[in-house]
Amino acid sequence: ACGGEKDEAPAAAAEAPAKDDKEAADPQSSGEVDMSVLKGKTIGFSQCDNGNSWRIAETESMQAAAEKYGVKLIYTDASADIAKQASDIEDMVAQGADYLIIAPQEEDGLQAALQSAMDKDVPVILVDRSVNGEAGQLYTSQIMSDFVWEAEQCAKIITETLGGKGNIAILQGTQGATSTNDRQKGFMDAIEGTDMKVVADQVANYVMDEAQDVMANILQAQGDEIDAVYCHNDDMAQGAIAAIKAAGYTPGKDIYVVGIDGPKAAMESILAGEQLASCSCSPLFGEPAFELCAKIESGQKVDASYTNEDTLYTKDNASVDAGF
Amino acid sequence: MNKAKNIYQWFSSKSSIAAFLILFIFSSIVFSGRSFASFDSIANLFRKAASDGGFLALGMTFVILIAQIDLSVGAVMALGGVIMAMFGAQNPILGIVLGLLAGIFCGFLNGFMVAKMRISSWVATLATMLGVRGIVLLMTNKKPVSVSNDALIALGNTKIFGINILVYFLVIATLICMHLSHNTKFGMGIYAVGGNEEAAKMMGLKVDKIKILCYVMCGFFAALAGMLLANRLYTAQPTAGDTWETTAIAMCALGGIKLSGGEGKFSGTFFGILVIATINTIFNFAGNLNSWWQNIIMGLLVLISIGVQSDVLKIGKGKKHTWKQEEAA
Amino acid sequence: MARNKILLEMRGIVKNFPGVRALKGVDFFVAEGEVHALMGENGAGKSTLIKTLTGIYQRDEGSITFDGKELNPKTALEAQNAGISTIYQELNLVPFQTVYENMYLGREPRTKTGVIDRKAMITGCEQVLADLGIHINVTAPLSAYGTAIQQMVAIGRAISVNAKLVIMDEPTSSLDTKEVRVLFDIIKKLKAKNIAVIFISHRLDEIFEICEHVTILKDGTLSGEVDIGEIDQLRLINLMIGKEAKQLERTKKGYTLENAETLVEMKDIRQGTRLNGLGITIKKGEVLGLAGLLGSGRTELSKVLFGATQPDEGEIFWMGQEQKFKNPKDAIGLGMGFCTEDRKVEGIIPHLSVRENMTIALLPQISKMGVVSASKQRQIVDEYIKRLAIKTPTQNQPIRNLSGGNQQKVLLARWLCMNPKLVIMDEPTRGIDVGAKAEIEALIQELASQGISILMISSEIAELERNCDRVVVMREGRKLGELIGDDIHQDKVMEIIASGGGELENIGGAANE
Amino acid sequence: MSNTVRTKADTVATLKKYSAVILLLVFLVINAVITPNFFSMGTVRNIIIQSCTIILTGMGMTMVISTGGIDISVGAVMALAGIVTVKLLPYGVLTACIAAIFVGALSGAIAGFMVGKLRVQAMVVTLALMIGVRGVAQILNDAKIIYISGDNADSFKMLGSASLGGIPIQIIPIVLAVAIVWFVLEKTILGRHIQAVGDNPSSAQLAGINSTRTLMIVYISSAVLAAIAGIFATAKIGAADGNSLGLLSELDAIAAVAVGGTCMSGGRAKIFGTVIGALIMLLITITVNMNNITYEYAQVLKAFIIIFAVYIQRDKAA
């Protein structure tokens, strides 16, 4: 019972940004911002977890932007620990950051820390994930990417490819993490009502090595039934592909593999026809986030929420370099 | 020669305090430009000590003093937080009580397996860690449980004289532990069991009872830590405390608690906690350290401070080594 | 015989261990206020009998009545509460805790506020030890002191609870004559208070001096129970080991080694406060004794010689060459062996088998390219089990399951099997029964006659008297004098020590740092 | 009469001795019934491939634990070894592997020195190494995954994918590791020394054993085995992942050792016990995957099995 009622809260939150982006304008488009105002400022960037290539690309884009605009970047890494991230934020406020850019680990847990920042009039910009709370109260503005949307895209392309009918295996990420929950929920909701059955739903903790072993075991049990594999990230997709090959099936023919994030490796295997698709938003939040800071600095009004375009990469468009 | 020895003696006995002061002064100077020594950042430092693992370390100290280990504290922490959040929504008291009971129960379970079933603490608590984490995920359906009750939130975020209430809790808890360990039969028993279990048995101590009690204390503090963290963060995460057991152990080790049992003081643990908090603050002030650099530095610091505490460096020539001889567990 | 009311009554006690039947239905009675000796060879079952009484082991059969009540202790605590206080054969104290904490563990005095009263503990502890003639810093960790002191602490602990029965399992084995006297006075006091004492020892003279009544075990069965008045040493021995034991007496005449070549020479050895510049020489085939009060630094000296610890100053010569031992390995390499004083902590490797314990130092010699030759190993071990009459079911028995005395024999064998040039024996006959003792003393002579030198430390001066060619008398890390050949005599030794001036008090020094 | 004692004790002992094996058999039977396509060459192959890591690290852990120590740095060492190998691949597969093993040995040497010479608790030392070495592994490639490519890529990947007559290549390191560790512990002086040091260090010292050297060797061996495990795992996935390769492997290894019946406080080591323990642990995972059991339940199940396995064969003595 208690499990049930809890379901709603985060779900609603996940929808929130999707609604916003209807009227949202992309900061890049509304060009002519004077970036020089940022010179000599101190900007704090709180990264929630530098443990995977997507996050690292995100961090690097921040560092690059700081370099470019002569900003002093204070950068903390919570290594996937919400408690540490809260502490990190308070530390950055304490050492007098002028702006905070935050990539939240979870939608809940940073409220107190954000509050204290806003109380000290330090503008807060959330990137890639929102938090439960009001813009203007807990944060100034946010640049969202929509994890649920990504999962839905993966579901869509699998549905199309299989003609709406088939057996699916899922490799889940770390249990209890919001990213995992979103990517699972989005997918399950999307295949709701189709004739597609999830015949295997196992955990591989976002780890390639683990994914390969888990997939090998799944295939051993019911290899012939499985038509597609949905992985919560592309590292696991790589592992799955390896396992599929080892088990004597042809990825992209007998079994379709779909992942999320879109690093080079994924793009390559998409072009090679081994991976069906990868959905991702660009991790390069540096530029847009800094532009927002500049806008605020120069007194322009900013919207409560912007959306960073997500893309579904398939054979047709995978030749681009997602930048990591 | 003798002088050097004395320095070691002093250093190793007070090493956690020393380490803390050294680090603190060092960083105050290095980051003087960025107000490291400011009230805010110091307040943060202490709050960090209290909210990020401090209570776990206190609990872990009980267990380590009896030459055992508890890998389940992280999971138990999550359990405590989640239970409190679920039942605390309507009635905070109920939530807190149930949360603590859950922690005490897990502790008892560990203690029972170690003392009565004679299962190595490594395995027993590893199993508890797996099992409890699984249960937490089941209870929460893998989703965070938000803490809405104001009373609870206040318990994690109120500030007294500008210092977070958690800090006061930690200090009080430490004092209580120091009292328990120094002024009570239980305390004496802990050191006896840790120092020489067989002897303790033959002197008529209730060894099993002491062991179980120590684990209960550990479970209690783990749950407490989880609840306070949940309050502070407005949410109980099913993943809370993941891998925090290592942090807690490191805090104890830095505090001079010998993992071979029977040696060490809670005051030491307290400063061990502060040392870790300081190191983390330094990382944040450095402001450009990736987690891997942090890992390397953390690893080195632990190695060094443990090396300094080494008996061998202390031991004067001719005095017999105090090797610990373990009994089959 | 007029005997008081029976206090303890054990009937048909049976105790089995995996592979061993330690007690085969033993009856054992102790009367109030009597000092009752429990005798028997190593492995006869004395300690086991005690442990079944005090709840360490659970008996398999039999009944116990104590003070008129049925007694089935599951834990040591229950026995304590019933009024039985015990000093176990293997020292069981907590090394890191202070002397006074050890003294009061489990029965700490409390203040009104319910917190434990350390002041009371300290003063109380000092008092108890003072009665035992020990004046040391009781707030120092126990591990700062040696076996002797630790033994005295254990005794103090046992007598300071008010019990109806005090059990002492070989309390004197690590004490010297002086402290044995102290202990005996204590026992008399207890007797006066009508407290019964069970006294276990392998030193017959002690038995005859202090005990009124004696029960003898043999292979886990009762082999006799008599008034001490009705029995003499030889009968007693006979009851214990079932055959006539060789009478222990000095076989040597005079001193024959004036011009034997020198094997070891230690010069002006200093180490901390324990060794204050003394030297000794040991000649080939000589049995050199070290006599002295406890804490006189004999163990320390021998450890320096063996490379277990390094001296602050001083030189060591081995066959004329100066040596700087970094660790025992070096000394062993030259052909030394060392039977340590503290069997449990520094001797046995508890979970390893008798075989492995005996050959652990020998391995390099019986293995090719690091691979041990199991057959050689077995054969050697068999040989020594026979030669020293070691009582063990098999070679594979974990040594911790052997009786104290048999453990000691295995450790002796560990060095003998390496046919060494010099064997250091620190209290070699501690806890060894008369039979075995005779064998070991004979062994010492045999070894000496083969040209093997022996450095013998013993708190039992009579033993030195019987076996040594020369005895060096020490106190507080200094050499007070030396007795040669037939001059070696108990009284002379005591004389020299006494002439040294000072009192045992001074010796605490080491611990205070 | 005294014979009855003997036989009774013996039967208990024998039951204990084989309880792990029995448990394993029970598992196989259960799977045979419930799990689709369980009894087939494919499963055997999967078991061999997937058991490589846990058995190798388990062998090292068995040695370490029998000295009364513990080594929780193995997972990090695996990661480091993987990264180093891939980084140095251009200089030849062999060179790369040797370098990786050397780096691992280095970490082991640090642990051995601190534990053996400075007498610091193994737990703390290896904990520090676990944190630090993981950091080094990440830093070598900014925590990004390196996908193996270039000259020696294919020949190196063979280490993960090749098979000899249908048997995966991983069988080689497994068999070698088990054989060697068994031989060393059971037949050599070193083996005796290891157990003596684990049992009573000061007695060992006074019996002329160089405990420092012994401990050095043990911790180095453990690290080397971990490094090898890391190399094979990397070859298998064809990429080096400094962040997550070997995460929590130390706990798997410890569990395997304990389930295998080795006493955690030092003394006797049960090499084949560890192998059985490793297989049991692995079989749990495989069963879960193949029957699509939900993760949370799997965790709880795992917990119970571990406790049960250790409980039935725990050492009653003391």
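First chain written, first letter: the chains are A, B, C and D, and each begins at residue 1.
By our rule, a residue touches a chain if its C-beta (ideal position, glycine included) is under 8 Å from a C-beta of that chain, and two chains touch if they have at least 3 such contacts.
Since the model is a prediction, treat every value here as computed from it, not as a measurement.
Which two chains touch most often is answered by the contact tally, and the pair is B-D. Centroid to centroid, with C-alpha atoms defining each point, chain B and chain D lie 28 Å apart. Note: centroid distance chain B to chain C, computed from Cα atoms, is 43 Å. Mean C-alpha position of chain A lies 35 Å from that of chain D.
Chain centres here are Cα means. That of chain A falls 33 Å from that of chain B. Among all residues of chain A, those that touch two or more other chains are 50-51, 175. Each of the following residues of chain C touches two or more other chains: 345, 350-351.
The residues of chain D that reach two or more other chains are 142-143, 200, 202, 205, 266-267, 295-296, listed in rising order. Every pair of chains meeting the contact definition is listed here: A-B, A-D, B-C, B-D, C-D. Across the interface of their complex, chain D is touched by residues 50-53, 56, 172, 175, 199-203, 205-210, 212-214, 216-218, 220-222, 235, 238-239, 242, 246-247, 265 of chain A. Those residues of chain B that touch chain C in the complex are listed here as 179, 183-185, 187-189, 191-192, 195-196, 198-206, 262-263, 316-320, 322, 325, 328.
Taken together, the chain C residues at the contact with chain D in this complex read 16, 18-19, 21, 306, 308, 327-329, 331-333, 338, 340, 345-352, 356, 360-361, 363-364, 367, 370-372, 414.
Residues 31, 34-36, 38, 40-41, 44, 47-48, 51-52, 86, 136-137, 139-146, 156-157, 229, 232-235, 237-240, 242, 280-281, 283-285, 287-292, 294 of chain B are the ones touching chain A in the complex.
Residues 56, 75-77, 79-81, 86, 88, 92-97, 101, 105-106, 108, 115-116, 143-144, 157, 271-272, 274-275, 300, 303-304, 309-312, 345, 350-351, 510, 513 of chain C touch chain B in their complex.
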